[in-house]
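Chain IDs A, B, C and D follow the sequence of writing; residue 1 opens each chain.
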Amino acid sequence: MTQMEIGRGKSGRRGYGLDEIGIVPSRRTRDPEEVSIAWQIDAYRFELPLVICPMDSVVSPATAIQIGQLGGLAVLDLEGLWTRYEDPEPLLAEAASLDDAAATRRLQQIYAEPIKEDLIGRRIEQIRSSGVTTAARLSPQRTAQYHKAVIDAGADIFVIRGTTVSAEHVSGRAEPLNLKQFIYELDVPVIVGGCATYTAALHLMRTGAAGVLVGFGGGSGHTTRTVLGVAVPMATAIADVAAARREYLDESGGRYVHVLADGGMTRSGDIAKALACGADAVMVGSPLARGSEAPGRGHHWGSEAHHLELPRGARVRVGTIGSIEQILHGPSTTADGSMNLMGALRRTMATAGYSDLKEFQRVEVVIAPQG
Amino acid sequence: MTQMEIGRGKSGRRGYGLDEIGIVPSRRTRDPEEVSIAWQIDAYRFELPLVICPMDSVVSPATAIQIGQLGGLAVLDLEGLWTRYEDPEPLLAEAASLDDAAATRRLQQIYAEPIKEDLIGRRIEQIRSSGVTTAARLSPQRTAQYHKAVIDAGADIFVIRGTTVSAEHVSGRAEPLNLKQFIYELDVPVIVGGCATYTAALHLMRTGAAGVLVGFGGGSGHTTRTVLGVAVPMATAIADVAAARREYLDESGGRYVHVLADGGMTRSGDIAKALACGADAVMVGSPLARGSEAPGRGHHWGSEAHHLELPRGARVRVGTIGSIEQILHGPSTTADGSMNLMGALRRTMATAGYSDLKEFQRVEVVIAPQG
Amino acid sequence: MTQMEIGRGKSGRRGYGLDEIGIVPSRRTRDPEEVSIAWQIDAYRFELPLVICPMDSVVSPATAIQIGQLGGLAVLDLEGLWTRYEDPEPLLAEAASLDDAAATRRLQQIYAEPIKEDLIGRRIEQIRSSGVTTAARLSPQRTAQYHKAVIDAGADIFVIRGTTVSAEHVSGRAEPLNLKQFIYELDVPVIVGGCATYTAALHLMRTGAAGVLVGFGGGSGHTTRTVLGVAVPMATAIADVAAARREYLDESGGRYVHVLADGGMTRSGDIAKALACGADAVMVGSPLARGSEAPGRGHHWGSEAHHLELPRGARVRVGTIGSIEQILHGPSTTADGSMNLMGALRRTMATAGYSDLKEFQRVEVVIAPQG
Amino acid sequence: MTQMEIGRGKSGRRGYGLDEIGIVPSRRTRDPEEVSIAWQIDAYRFELPLVICPMDSVVSPATAIQIGQLGGLAVLDLEGLWTRYEDPEPLLAEAASLDDAAATRRLQQIYAEPIKEDLIGRRIEQIRSSGVTTAARLSPQRTAQYHKAVIDAGADIFVIRGTTVSAEHVSGRAEPLNLKQFIYELDVPVIVGGCATYTAALHLMRTGAAGVLVGFGGGSGHTTRTVLGVAVPMATAIADVAAARREYLDESGGRYVHVLADGGMTRSGDIAKALACGADAVMVGSPLARGSEAPGRGHHWGSEAHHLELPRGARVRVGTIGSIEQILHGPSTTADGSMNLMGALRRTMATAGYSDLKEFQRVEVVIAPQG
C-alpha cells in the first residue's frame, strides 16, 4: 500500500470515498431483466442486497414487515423509541416537528426514558409473526444485558452495531463483552460493526460473526469526522474489509463472512459503487426515510443523534418522495437517484455487463473526482 | 497505465475530465482565418466538426436543415416526439412550460405515445429534401424493428445511440441486435455508442462502424453518475478511444474509425479540449438548445429524461441567447464561451499554432484544476 | 521527502491540512472513562492538553482563572486591551458591537492606545492570586522592553508569540532580541512561536524553549495566506516539528520540548487530529470565544486584526453557544463538534484504542479529502 | 518533468496555480524596513517590482503619472479609449455605469471607433512630460502600423501584449510582424507576451526582448480558459519561464531577460507567490482598479472584453476601496490583501528571511490546497 508522507515520520494512505469513483462498463452489455441481485447470508435469502439501518426514523415494526415483504431486511433498533415507550407514535410525531435548532436537545430528553425489557420481546414477536426474517440491533454496551430477551423472542439475525466495535475491548470494568464467546454461545447469526480496516475486520471475523458492518455507524446526518476526527473513506474501507474476507476465507478453511457497507449511501449510484468495491450487501437508512410510510415523517436521525454527553449526528430533513415500494422498485419519477434503487442497481449491472453480485464485485472502477 | 490503490485488491486509474485540463500553446501562432476545421466521415464532408445530439429540445426537421446549411450535422431522434406525434409542436411548447418539479412525470406521459413507423420516413424525407446530409438515430433496442424505414427513407448516416452500446450484448431474448452483421448488411455508414474504454471501443470498431460515440449518452442534465454510479471522465475516455482508433487502423489495414466525443461539452473551450484529447468531432446538444430556433424554447432534455421506470436526466433550463447561426459562427456578445463556438475553435487552434484538426489532436495539454 | 515539480527548477512538497486527514481506529477499543488526557510541561501539570490563545476576545484575567480551574492554561495577551486600558470592558463591548465593515478601522484606533507597564504587573498578579498557573504573552518586538515586568509579577510561563518567530532575527537595529540568551537568563519556562518547519523549529528548540508553537499565529479569522502568501498546512507542520522534537531530544541528550499546534482548530475533531499528528497540546481560541463568559461577546479577533499598517485578520462573528465549562466538558447539545471538546477527545482516543496522549501520537491516519 | 497519463497515448504535466502554493519561511526573520523590493530593467530602475496592465479601467495618462511617481510602471493601452477618442472621460463614465448584462455589447460599440494615430503621440507625450518612465502597449497585429508613432513620441519602454505572442507567427498575409527584426531595429527595450511555456519563452527571449510576460493576457474577468480551453496554471508557467531565463542567460553569454508574471494576481499574497516562483516583477490590473483615481470607477475590463467577434473577458465590478497610494503603500484598513500591497510584500520577505527580490526567488514553497 502506497503511503503518502504527511510530514517527517508521519505517513498515511490516500483513502477514496464513493463519490470519488465511477464504475466502468466492460465490453459486454446485458438485459436488466436477466440480472440477479439476490443475496444470501447464513440460511436467509433475500431478493435484494439491502439491509435497512436500525434507526427510528426508518424502521418500526410495521416498516420492518413491509421491507421484508419487498425483499429486503430491516433491523429494528432495540435501544430506540419502540423499546422505551409503549406507544412511541406521539414522540415520533413530535421529533419530526421540532425546529432544527431545538431538535438535538429534545431528542436527548425523549431518549432519556429507560428501555423496557418486555418491550424488546414484544416488538420482535410482532415482526416475526408476519413471517419475514426478523433482525434487531443492540449496542455492544447493552448486548450482555438484553441479548437473552432478543433470542427468546425469536429474532433470526442479531446485529451489534456501534460507532466502532472491536474484537478486543479493553476495559477496567468487571465484564466487558467478550464477542467471541458471546457469538459462539448464540444460536443465531450475528452481524457486527462498524469497523473500517483490514485488521479490525479480520479480528471481528475471527469472533465468528456472519457479517461485518463497514463504516462508523453514521447515518446521513452523522458528524463523526467533525466531532471525533475519525474517518476512513468508504470505497477504501470496503475494499480493505473485502480483502480481510478473502484472507479469513482461506484461514478458516471456507467460512465466508459477509461485508456490509454501512453509511453515507444516499443515491442508487452509491449502492452500486459500494458493491463494485467488494461489499456483499449495503446497509442504508436515509433513502428509505424518504418513504411515505417512514416513521420519521420526512426526517432522519440515528442513535448517535441523541447521545446525552456528545451527540454526533443531527436530525436532518430529507423530505417524503413516494412509497417505500416505489423507492425500492420504482417506477421512478425523478432523475436524482432517489427512487427505484433496485431497478437502478439492475441496470448498472446490465450496463456494465454483469449478471450477478459476486461477479460484479470485480467490475473495473476509475477514480473520477466530481465535476 | 498507472493504477491507484483504492483499497487492498481494488485499484483504479485516475481519470481526468475536460474541466481538469488546459490546452498549452506551442511556440508558433497562426492567423485564425487560415485554420481549417473541416471534417469528413465516409463520403460526407462538413465544414464543422460538429454533430448535434438527437434530442428533441434541439433537433427538429427544421433545425436539422438549418444546422446542415450552417456546416454541421444534426441527428434527428427517431424515438422522440417527431415520430410519435403528427404535430409535436404543442407538446414541445408544453414541455418547455412545465414546472421543474412536474417536468419528469409529464415527459414520461408525453413520450408514452407509441412511435408511428410512417412518421419515421416522412421526417427523414423532409430533411433529405432540403439537400443537407441526413442523419437519424435509433436506440439499440429498436434498431432491428425500425431500421428498414430509416434506410428506405434515404438517411445518409445512421446513428445507434444508447447509454452504453456494446458489440456483444448478452440476452436470453430471441434476437438481440447483432451489430456486426447489421452494419455489414447496411449500405450507409453507422455511428454507434456510447462507450468509454479502449476495449469496448475497439470491439465496436470491429463491427464495421464508421464512427463511435465516446460518453454515456447524457446531455447536460444527465445523472448517469448519480443514478447508476457509472462514470468515466471524458478527457481520459476520448484519449483511450483514440488509442483504440490507432490500434484498429493497424489491425484493419487502414480503416479509420472516427471518434466523436459525446456529452458534457457546454462551452467552446470544452469542444477544443475534446479535440485536443484526440476526438475527430464532437456531438453536442445544450449549446444549441440556447438558440432562438431550438424546439426546446430555452429548455433542454434528452431521451434519458423520460424513461418510464428510471429517468436518468432532468429537463434543464438553459435559456435563449441568440440565433443558432450566431451560436455557431458569431459574432458573440458574451464572454462565457456560449457563442461563436466555431470561431472560438479556430482561434484556439491559431493561438496554439495548429492549422488543421488532425494536427491539433497532438497539442500539448496540462492538468490544471479549476480555480 | 517527496518533492512535486511545480515547474522547471522549482519544486515543493505536498502539505496536508487537518481537514484532509482522518484518524483510523486500531483493532482495539477502550472505555472513554479510562483514557487520560493530562499534559505536563516543565513543572506544570494540566488535566487538559489545552492552551488558550492570547486573544482579547477569549482571555481576560477572569476567564484565565476560570479556564485554569477547569484544567486548561489560558495565556493573557500583554499587548491587548488589558494592558492599554485601566478598564477595557467598555471597549470590549464596543468592539463586539461594531459593523463588520467598520471593525478593522475601529480596532486599529482602539489598540493605538499605548501599553501601560504597570498594568502588565497588575493583570498577572490578578490571575496569579487565584492560584492557577499564570501565563502571559508578548510579541518578540516588545519582549526586551517588558519582560522584566512580567517576571517580576510572577508569571509561571512566558509566551513569545508572533506570526513567525525565528531563532535568528537579522536586524540593523541596535538590539534585536537574542532569544537564546534571553531564555537562558530567564527563570520561567518559555513557549515560543509560530514556526512551521523542521529546521526553524529545531533552531527554536536550541534556544532553550520549553515549547514551540506550530503555525503562524493566526486565529480563525486570520488571513496570513491571502495577505502574505505564507502558508504551511497544519498536519504537515505538526509532523515536521514533532520530528524536530525527536531530533533535539537526541541531540540534547534528553530535553523534551513540547510541540503546541496553534491555529485553525475550531472543532473537537481538529484537536484530536492535531494530537494524532504529533502535537503534545493544542492552542485554540475561537472555540472558547463562543463561551458565554468570553470577553468578545460572540466575536473573535486576534492581535493581527489591529495592525496599524497591515491588518492580517478580521473580527469574525462566532456566536455564543454555552458556558466555557460546557464547551470544554459538556454535556453537548449540538452535533457540530463545538461543545464537550475534551469529552470528544477522550472518546476519539477510546474509539481508536489509546489510553494516553503520548501513545495516541502514533495512531494511524488516512488522507481523506472532505465530501 | 513528471507526466501524468490522461489516457492511452495522451499525457500531461500537473500544473499548479498560485492558489495552490504557500510560501515557507526560512529559519531566519528580518525587519520589513530593511528589505529592498527595488527592480531594474534595462536602464530603468523602479522602487517597486510592479507593472500596471494596459487596461483602460486602470491606466490613463493621469494614473500612469501617479503610479510612476509612487514607484511603479504603468503601461498605457494604445488601442484603448485614449487613442480612439479626444475625450474618453464620458465613455469611461458610461462604461462604468452599464448593466452587467449589457456591458459586453456596449463595450464592443464603444471600442469600434477607429484609433487616431495622432492621439498615440499626444498621450505618450503627456505622460513623458511628467518625468516618469513612459511605457505603452500595442497588440502584435497593430505593432507594425503604429510603432513609429510610439517611438517618435519618446516612449521609454515598448510593450507588445496579446493573448499569446510567439516568436514565429505563421501567416499567409503579406507581412506578419517579424519580432526579432523589429526589436533589433528599435532603440527602446521591448517587453513582449503572453506566453506560458519554457520553449515559447525561450524563443521570445531570442528575439531580443528585455522582458517577457507570463500568462495569456487576461485580467481578473478574463475567460480564456472557458472560451478557448487554453490554460497554463501560473505558478508552473512562471517557474518554467524562469528556467528559460537561466537557459538563455547561458546561451546568450549573459543577457538577463526579465520575467513578468501577468494576470490573476488580485491579493498581496499572490504577488509574493509569483515572485517566489521566479518572477522578476508582476503585471497587475484589478488591484489598482479599486483605487479611487482609477478611470474604471470601481469596474475593471481589459482589451479582450470588447473583441468584436469573440469577447473573452467580462467587465467586472471590483469596487473602490481607497486611493492608489493607499493600495500600494498603505496603511491598510482591511485584512483581505487588497491594500498596502508593497508593505505586504516587504513583510512576506522579512517573515521568510529574505532581503532582496533576487534571493527571494529561491524561497521554499509548499503545495497547499486551500481550505
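The definition used in the following text is that a contact is a pair of C-beta atoms (placed from the backbone, for glycine too) under 8 Å apart; a residue touches a chain by one contact, two chains touch by 3 or more.
Here the structure is a predicted model, which is why all the values come from computation and not from measurement.
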Show me the overlap between the contact partners of chain C and those of chain D. none
From the C-alpha centres, identify the chain that is farthest from chain B. C
Regarding the chain A and chain B pair, does the interface count as same (over half of residue numbers shared) or different (under half shared)? different
Could you tell me the distance, in whole angstrom, between the mean C-alpha positions of chain B and chain C? 56
Report the inter-chain centroid distance for chain B and chain D in whole angstrom, where each centroid is the mean of the CA atoms. 40
Multi-chain contacts in chain C, i.e. residues touching at least two other chains, fall at 13-14, 236
How are the chains arranged in terms of who touches whom: line, ring, star, complete or other? ring
Under the stated touch criterion, can you name all the chain pairs that qualify? A-B, A-C, B-D, C-D
Within the complex, chain B is touched by chain A residues 1-2, 13-14, 16, 21-31, 34, 198, 235-240, 242-243, 246, 267-273, 276-278, 330-337, 340, 343-344, 347-348, 351-353, 355, 364-369, 371
Going by the contact rule set out above, which residues of chain D touch chain B in the complex? 4-10, 12-15, 17, 19-20, 104-105, 108, 163-173, 176, 195-197, 199-200, 203, 221, 223, 225-233, 236, 304-305, 308-314, 370
